[in-house]
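Here subunit A shows up in two complexes: once beside subunit B, once beside subunit C.
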Partner chain A sequence: MRVVAIARNTFREALRDKSLYVLIVFSLVLVLGTRVMSPLALGEGIKITKDIGLSAISFFGMLAIIVMAAGLVHKEIDKRTIFVILSKPVARHEFIIGKFLGMADALVAIVIVMLFTLQLTLLASRAGFDVLVLKAGFLTYIELLVMTSIAVLFSSFSTTALSAIFTFCFYVVGHFSGDVLVFASRLPSAFAQHVCRFLYYVLPDLQVFNVRSMAVHGTDISAERILAATAYGLLYSIGVLILAAVLFSRRDFK
Partner chain B sequence: MRSATGNKLREACLVIAALLIMGGGILVKSETLTGRDPRPTEELMYFPSGTFVRQSAMGQESALADIAWLRAIQYYGHHRLTDRRYDMIGHVFDVITTLDPQFVQAYVFGAVVLSQDAGKTKEALDLLRKGMRNNPEDWFLAFETGFVYYMVLHDYRSAARYFTLSSRLPDSPEFTSRFAAFVEEKAGRPETALELWKQVAAASKNKYIKEIAEEKAKKLEAEMAREKKAAHRAESL
Partner chain C sequence: MRATTAEKAPDPGEGTASQDDRRVVVEASSLGKVFTGSFTRRKKWALRRLDLRVYEGEIFGFLGPNGAGKTTTMKLMLGLLLPTSGSITVFGMKPTDPRSRRQVGFLPENPSFYDCVTLGEFLRLCASLTGITSRRQVERRMAESLFLSRLVEEERTQLRKFSKGMLQRVGLAQALINNPRLVILDEPLSGLDPIGRKEFRDTILQLKREGRTVFFSSHIIPDVESICDRVGIINNGLLESVGELDELVPGEVKGVEIEVTNLREETLNVLKPYVEQVESIGDTTSLLLKNAELATLVLGKLVKDGARILSVTPKKETLESLFVRQITGRRAETETEDVYTISPATGDNRLCLVRERKE
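Showing the complex of A and B:
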């Protein structure tokens, strides 16, 4: 119940943030703008609308995390509201989980608005309702959840600016983690190979959630693939949140 | 009251000053910067390699391929209307198809432009082979390869092989097996070439491919009519 109260408050706070609306408006303009570009695309207008629409969900969702989630915990410390919250019977891990769930709710709202606009644009272009776009949108949301958990982790022990930078670095690295494994196989030293393999498993593999190209080209995204990616994303997020809770509970507020 | 009026006047002056400064900027830009249209060829020389862009796309490869596709169309359209030189077109289509290996229309359009307009048949065939490697089940790419062999290289045996391959792939339309048979029986005849161009014009949604195919079909028809006339004249003599 206490977790729900913190989550609800975080969600409300996120909705009050004007930058969220700016991001949503930007992405909607981008999706609708693809219809204007359509005549220049030589018959590939629908593909471009789907590509840009799905990329906008991922990109603007990530920006929303950097703008809002990176300061989730630190803002409370900065404004000293953390003392008020923690003086009540609220465990520190409940605070972290509540913050994460509130941000996850805000992201649901963002993704639904963007997906709805994308589907409407596709319907208006006579491309019809696309289930594959929904599947790709869902996995993009799971990717955003993983990134939110990472932002909460950094926010629990560093400043807003540093959290934003670290989160962005993890986003970049998360798209290269597959390459780390390839890199490991080419290294002469066994120790370096083990380090690379360790990094491959520890860093988030965000390419697992990238089925946007499959959705655009009409390749079926199997239920197994969606389930496996969702399970990976949720387990990874839970792991990161436990770590965040441990770090946060060790902090000494004076 | 006086100070409020003074404030309003000051604000109005500032707005006018801002507009004048911006206007000056626009004037300088229109006088010196516009009209200095950089040659699209030079511009595209700085297009990085597809592999590099793919590595740094952070999951947005497909959207970047679309942006490159729009640029490629602009580049082609510009040169089609001006000097008809397409020096960088092969590189751009290589980038697009590296970013989005399933973008079949990019392989097809790239191959048509390279083989018909740029005179780079080898590059066209390389692009189509790359497409077939990435999309082994796609009949259109095999058909297009047969088309290039037939129309440009006049290698009728290879053309027949690719048309037959195309006809055996999933969802291939009836005309692919018709052309496979045509090429076996009537290789080198202008009727077959005319039929092929007409088929390409009818099947393509791409405005430029349609234009090229219709142009070629018209040319062939005119040539055939001329030859017929000449034959009639020879007979009457």
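Showing the complex of A and C:
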């Protein structure tokens, strides 16, 4: 119940944050703008609409995380609202989970609005309703959840600016972490190979969630792929949140 | 209960019952807290060997200058800080256990809340956090806390529109939302206008009448003096004294101040052995006697020598004078404890004085 109360409050705060609406408006303009560009794409307009639309969900979702989630915990410490919350019978891990769930709710709202607009644009282009776009949108949402958990982790022990930078670094590195395994297999030293493998397992593999090109080219996305990616994303987020809760529970609030 | 310079550690086996059968709500034993500088890694004791008990139903005033350790003690009670040494319990539980805060309400110093929510939304959030689930109960508790904090008509106002004094009352409303048995108030009266202070004092007294325990910190001594049952004075992380107000400040006359005019030089010379301090402003001379018993003797001499008595004022020990004496006394003590040693300052064998403070 306490987790739900914190999540609801975080969601309410996010909805009243003007930057959220700026991001949504920008992304909608981008998606709707593809309608204008599609005649220039020599018959590939639908693909361009899908590609830009799905990339916009990922990009603007990530921007929302950097703008809002990176300061999720630190802002509470900075504004001293944390004294009011933690002086109630709230365990520290409940606070962390509540903050994460509140931000996850806000991301659901962002992703739904953007997917809805993308589907409307596709319908207006006479491409019809596309289930593959929905599947790709869902996995993009799971990717955003992983990034939210990482933002919450950094926010639990560092400043807003630093957590935004760290989170963005993880986002970039996360898209190339698969290459670390390839790199490891070509290294002569066994120790270096172990280090690379360790890094691969510690860093998130965000390419697991990237099925956007499959959706754009109409390749089927299997249920197994979706389930495996979802399970990976949720387990990774849970692991990161446990670490965040442990670090947060040892913190002093001066 | 006797006033002591530092309350003794609890007797083992005493349980939660005090000498006069009052229940102990907060119990700290040899409690210490060290803060480490972020960059310098320098350690500083914010609180040292604190032994303290707060009993059910009392108003306990925690007095001390800025940086004395008052807020640190409160945050240790609430689990916002973790102790470096010693232990503390609230209702018999460690503050790290969230259950210890079920019956606690806390008003932080200069409280800050979520700007974009209304007072009603904020209080509903606080009610949910304290475990109040039924809608009827939430509305009832909200009505009671709004009434006690005089904010009944502000339920739909956004918190960003509140003045400082009103935010203080919002802080009180959220602290009372769970009908707490222990209310911890950090500097609740600072920044309030005289009417606001009076209303806040009345609310604290009302809380006591309802049987709640109030632990509050302040450096506004008259406020502490007017409403507290027991007082603790803390300075530089050390509890200087603790006890009931009338034991710390017994109210006995310590000296007498006599204001006179037409005082002759010869009379003053005769009276000097009995006078501690002489101050002259224009024609008026003020004589502070060494003790009250000398008043009859000195007054007789003054009248006999033709001086005109303007006023005779008995001087009593006040909480303020006790507070000032303890704080300044301690400062003087630490200054005299500074030890100067001669040591080589640089490689060129010049000598310099190095001051070391005794701990």
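Simple rule for what comes next: the second predicted complex is superposed on the first by the 254 of 254 C-alpha atoms of A that agree within 3 Å, B and C clash if a C-alpha of one lies under 4 Å from a C-alpha of the other, contacts with A are read in each partner's own complex, and residues count from 1 in each chain.
Basically, a contact is a pair of C-beta atoms (placed from the backbone, for glycine too) under 8 Å apart; a residue touches a chain by one contact, two chains touch by 3 or more.
Every value quoted in this text rests on a predicted model; they were computed, and no experiment measured them.
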Mind working out whether A:L181 is in touch with subunit B, subunit C, both or neither, as first, second, both or neither? neither
Under the stated touch criterion, which partner chain does A:L203 make contact with: subunit B (first), subunit C (second), both, or neither? neither
With the two complexes superposed on chain A, say which partner A:A5 touches: subunit B (first), subunit C (second), both, or neither. second
Where does A:P89 make contact in the superposed view: on subunit B (first), on subunit C (second), on both, or on neither? second
Which positions of subunit C touch subunit A when the two form their complex? 35, 75, 78-82, 98-102, 104, 106, 108, 110-114, 116-117, 121, 125-126, 128-131, 133, 171, 174, 178, 184
Residues of subunit A touching subunit B in their complex? 37, 40-44, 47-48, 51-52, 54-55, 58-59, 171-172, 175-176, 179, 206-207, 210, 212-213, 216-217, 219
In their shared complex, at which residues does subunit A touch subunit C? 1-2, 4-6, 8-9, 12-13, 16, 79-81, 83-91, 250, 252-254
Subunit B residues touching subunit A in their complex are 55, 57-63, 65-66, 69-70, 73-74, 100, 102-103, 105, 109, 205-208
